[in-house]
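Shared between the two complexes below is subunit A, which has subunit B as its partner in the first and subunit C in the second.
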Partner chain A sequence: MSYQDKYEMVCGVETHVELATKTKIFCGCTTEFGGEQNTHVCPVCLGLPGTLPVLNREAVNLAIKAGLALNCEIAEFTKFDRKNYFYPDLSKNYQTSQYDLPICKNGRLEIVVNGESKTIGITRAHMEEDAGKLVHSGESITTSDSSYVDYNRAGVPLLEIVSEPDMRTVDEVIAYLQELVQILDYAGVSDCKMEQGSVRFDVNVSLRPLGSRELGTRTEIKNLNSFTAVRRCLEYETERQAEVLNEGEKVIQETRTWDESQGVTLSLRTKEEAHDYRYFPEADLVPLKIDREWVERIRATLPELPAAKRERLKTLGLSVYEAGVLTSSKAMADYFDQVMQKYADAKIVANWIMGDLSALLKANNRSFEDCPVKPYQLADMLKLLKKGEISGKIAKTVLEEIYTSGKDPAVIVKEKGLVQISDQDALEKIITEVLVQNPKSVADYKGGKEKAFGFLVGQVMKATKGKANPELVNKILKEKL
Partner chain B sequence: MKTIRKSLTELHTLLVNKEISSVELTGEYLDHISEFEPRIRAFITVTAEKALARAKKIDQKIAQGESIGPLAGIPMALKDNLCTEEVATTCASQMLRGFIPPYNATVAARLEAAGAVLVGKLNMDEFAMGSTTESSAIFLTANPWDLSRVPGGSSGGSAASVAAGEVPYSLGSDTGGSIRQPAAFCGVVGLKPTYGAVSRYGLVAFASSLDQVGPLTRTVRDNALVLNAIAGYDVLDSTSVPFNKPDYTHFLENNVKGLKIGVPKEFFEHGLKPEVAEVIQRAIKTYEQLGAEIEECSLPHMEYVLPAYHVISTAECSSNLARYDGVSYGYRAEAEEMIDMCETTRAKAFGPEVKRRMLFGTYALSSGNYEAYYVKAQKVRTLIKQDFAQALAKYHVLLSPTTPTVAYKIGEISEPVACYMGDVYTIPVNLAGLPAISIPAGFVDNMPVGLQLIGNYFAEGLLYRAAYAFEQNTGYYQEIPALLREAE
Partner chain C sequence: MTISKQNIEQIALLARLRLSEEEINQYTEQLNSILDCIDLLEQIDTTDVKPTAHGVELFNVLREDEVEPSLPREKALINAPETEHGFFKVPKIV
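For the complex of A and B:
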């Protein structure tokens, strides 16, 4: 039995994304991932006595950009606040964040699930700094003799995007997250590298009896770092809550954590044990006035976003599926557009990108971000194909060759002698020879065995190392027979 | 000791004319410090070696005929909450014992750039919380005018060292009167600049929205010279203000004719000792004789100043001091568990006054209390700003006593609230972010009394003018503690 037989899920998500700035939000340290422990640090992000934060303007620019991409209102007046709690990975034992006046609020985005579209509200998005990372000498904090702190992450700018509790199924949640991450990726707000932890999710989930309009008691599951984790966690948590309710008990309002290895959520702290963060205004930073000119300047830099791009691709004659695949990452969509500028046949370009090129990248564990085949090279190859200078089969070989050597298709075709033989006289000569050498097949064909024709085509191809123009071969063969 | 009563200008002339070298001058001050420290105890750290090395460099410059600035080659000392690169910075707390900052506070860097010679770091109330320097975890500092009295606080070491002639000037910090009150108690000139006029970068924070660094000197001119060197916008401090910094010495004219001075009547209440009031009344007469226009005025919301200040300053301090947890610098208590380590560290290394304020601030910020305390205090702060804005629209400066009493006897003030009461005339200035100066105005029982002048935002120049005229026409700055007279 599934929880859905009796209950409806209500879910909202807080998404923490790392803003793609070069330096940290309040100091000049690099935000680069990795690096020796405690090498991307300075007195400011270490929270040494007397140091003061200086706001990185670029972080504000990106937060505004994210807000615009998510149809948010951008605050004219915003400020930072301190969120106070003690934890050794927090160098000042408070996190500089935004409380009552976030930079963005009242946004929304559209998701499509099973062909139905739905609007998900964005309550707010605010800027904050990341914390450092505890490194334990043993397996976990409880089994370790000692713990160390790596402050390389401390002060990396984050945007926390809080959704309305608008999602009713796990599929909706995943669709929301995919769309959100895609938008942020397109807008260039974040690298959205999940494997590096640059996106993290906290989900708030509750159940209510089908048909009920009241909200049930929710639990919050913190720090999920992939779509898969969100899906598995929600599938587990909804069933867990359903069991609690089915037994006539109450769900406890609490913060839980997702144990990936066991596939369960575990209680972290109850509402009574919740931190009192004692938020208050950050007096070391001045409030920020964002004039409308600033907002418009940022708006002008917004690229075409996924939804608009999908619509445009559909008008080019691509299917919903094709438009969806091609826009699944900004890099792939940009690649498509760049090829289209040189070779404007959407169907053919889409086929090659989604087919052979994607397969090549996948086999080599690469993405369109660093695709060795330049868009113009793919376009040039498609032109050769269209002109009949190479066959479709040869084209595949050429593509692979561009991929490995980086050479332009015309060079490869010339060097490897891959030009298609479209010379009527030359082909006639070869075909005559093939016919002479294969009298039995000729007889079979004339005796009505259609299959023999294919064999003869194959022999011509073999003789020309596949370079013969197939249409021409067909035509000449038929004439000669 | 022939230099201790000399002004910065005189010392500069001696250096430029090669009548004395910076090494000799620094040596004289270091000797004087050695002689007086057993009685005064203003210095937590004396940086003799570094100072002499630095003085040598300045001497080389002078020898090479390079022109030097007005502070070059002249010794000075900094309150021990101003970070100094490679020189211990303790905030007079066990918590920061052994902490050696890898960077200079902006004011320290600016003085260094001006050629100043740092001779040491000065005692203070622990983390600048207190008004007597008695909350220092290191030792007590004595008032040079009467060794059985406190120098005031929290910049007690800064005021005592200047009054004792151990340095020609020092820097202090002022959150609720911490420069002006010890300046008054020790008979020196202390300026709290406009909030945002001097960078707070490298000043170990007590209350971020109130803290400001300023100079303590023997004379008004010296004060202006030091402010020239330290004031001005700093990219490292977002709350510092880009403004056109004048040469403050240009304001020093012995003329207050037509100057409109408001005397807020509320600053003559709240336990003002009659003898102190008398001194201030005489000062008012002096100004009248000099041609200033004096009028009584009112700042109606002053009665809410103390509670508002204590809510805001303790709220900010509870958060600012959260970082001292034994994790990456300073004192660390040994414990089995990580959280225990943090808790024990804080329990052991903070003194009672600091703990009291952090507890109060934490309480004021807690959910359920925030609106009633913090939000209300901010509203009061707005009202106080408005009071001042109205008064300063009418008067060039406001005049008041700096403190209700002269310096307390050591141990006299045991009740914290009584101590807070002593700051009642200085605190409103911090809440409003205005500049104010305390200058010597006379004596009660041989103990100095301070006169406070409050000006409009960035009107330090006008304050200096008003202070200079008074100083030149009264000459109290020429009085020195008996202790020093003996030494001469």
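For the complex of A and C:
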């Protein structure tokens, strides 16, 4: 029994994305990941008395850029506010954020689930500072009597992107997150390194009886850092809420946390402490006026976004699936475009990138960002293949060789003697020998066994170490049999 | 608008202040007189006045995205009541 038999899920997501600036949002400390604890801090991000924050121009540029990529309206007037709460991950006891006048609002993006398109609304996107990290000392959280704080991350610029509660299935949520992260990656507003916490999700989820139009009571699950975690968490939480409702009880509106190891969500806050953030304007920062010229200047720097790229790839004759895979990361899509500039056969280039090259990268735990085979090298290899200088089988060997040695394909082919044998006389000689050595297969073939032909081709390839021109082998074999 | 004793207790909880019964009575009275004073402002017609976001008529104060040196860690930690392994040490937070 699944919750879907009786209920419909309603879900919206808040996504926190670290903007790709060199320095923090209000001070000159580096945003570099890692680093010894409390070494990327200064009086401003430590919130020492008497210090004043000054807004990073690049953080504003990137927030505008993200907003444009997500079809948002960019505010002409925006300001910062203080969100007050006591938690040692921020030393000031408030987070500098934006409340009633966010920099971006009313955006949207398109998702496709099971072949159907759907628009997901983006309510708003606002700038804020990231918090520090808490580390629990001692053997475990339960036995330790203290926590450690590292403020290196405190003050890293964040954009919080709030979606409308437009998603109705877990698949829609995942499609939304994938599309969102892809857009942010393409736009270059964040490095989008999920494993380093550059992107984190809070999901708001509720159930309502099928057919109902009213919203049920929701819970919020905070700080999910991967698509898998979001999926597992939502699968658990929907079933949990369904059980509560089925027993005639009410879902409590609360914040919950996802326990990865147990695979459950747990209540995080009690009712008495229900959040009251007492937002008020941040008097330490003056407001921003964003004139339309500034917005247009940023718009001009926007690259082709994933949806447009997928459409363009389809016009090159690629399938929806191929266009989807090739655009799944900006690095892979850029790689495809670069190869295409030197070898413009989309289907063949796509096959090699999605097949052999992806497999090589995967086996070595690398990505297209640091692919050892340069785009021009793949293009050169494909040219050799097309000209018939190497066979398809040899091409795979050449690709591996480029991968490990970094040498150009023409050099590899020459050094290793991999040039394809397209010499009619030479091949005829070899084939005659093969036929003499395999009288049974010859007889089988003549007796109608098609399979024997393939075996004979294989023997010729073996004798030539894979260098025989396959078309020519087929042709000569057919003539001789 | 008047502030009740319960309001004061709630505000004290959010501000992490422990108040005695006497202080609660005192603050209830004081905050109410401050609010009475602010109520006077309500009498002014503000129909054509735009909301103020900041007390100073200044906009777009921005810095360039250039890295500046951070504090040496010893200095960053110097005022902390407790430190360990280069971290600020605080009471256990769940």
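The rule is short, and it goes like this: the second predicted complex is superposed on the first by the 429 of 481 C-alpha atoms of A that agree within 3 Å, B and C clash if a C-alpha of one lies under 4 Å from a C-alpha of the other, contacts with A are read in each partner's own complex, and residues count from 1 in each chain.
Keep this in mind: a contact is a pair of C-beta atoms (placed from the backbone, for glycine too) under 8 Å apart; a residue touches a chain by one contact, two chains touch by 3 or more.
As the structure is a prediction and not an experimental result, all values here were calculated from the model.
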Contacts of A:Lys92 with subunit B and subunit C, given as first, second, both or neither: first
Subunit A residues touched by each partner, larger count belonging to subunit B or subunit C: C
Touched partner set for A:Gly447, first subunit B, second subunit C, both or neither: neither
Touching partner for A:Phe280 - first (subunit B), second (subunit C), both, neither: first
Contacts of A:Asn56 with subunit B and subunit C, given as first, second, both or neither: second
Touched partner set for A:Val149, first subunit B, second subunit C, both or neither: both
Touched partner set for A:Gly34, first subunit B, second subunit C, both or neither: neither
Touching partner for A:Lys79 - first (subunit B), second (subunit C), both, neither: second
Which of subunit B and subunit C A:Thr23 touches, first, second, both or neither: second
Doubly contacted residues of subunit A, that is, touched by subunit B and again by subunit C: 43, 46, 48, 54-55, 84, 86, 88, 141, 147, 149, 276, 278, 283, 285-286
Subunit A-facing residues of subunit C, complex: 14, 16, 53-56, 58-71, 73, 76-77, 79, 82, 84-94
Contact set on subunit A toward subunit B in their complex: 43, 46-55, 82, 84, 86, 88, 91-94, 141, 147, 149, 276, 278-280, 283-286
Contacting residues of subunit B [partner subunit A, same complex]: 81-83, 89, 91, 96, 99, 101-103, 105, 200-205, 207-209, 235-239, 315-316, 318-319, 322-323, 325, 327-329, 338-339, 342, 362, 365-367, 370, 374
Residue numbers on subunit A that touch subunit C, as the complex places them: 21-23, 27-30, 36-43, 46, 48, 54-60, 77, 79, 84, 86-88, 101, 134-137, 141, 144-151, 276, 278, 281, 283, 285-289
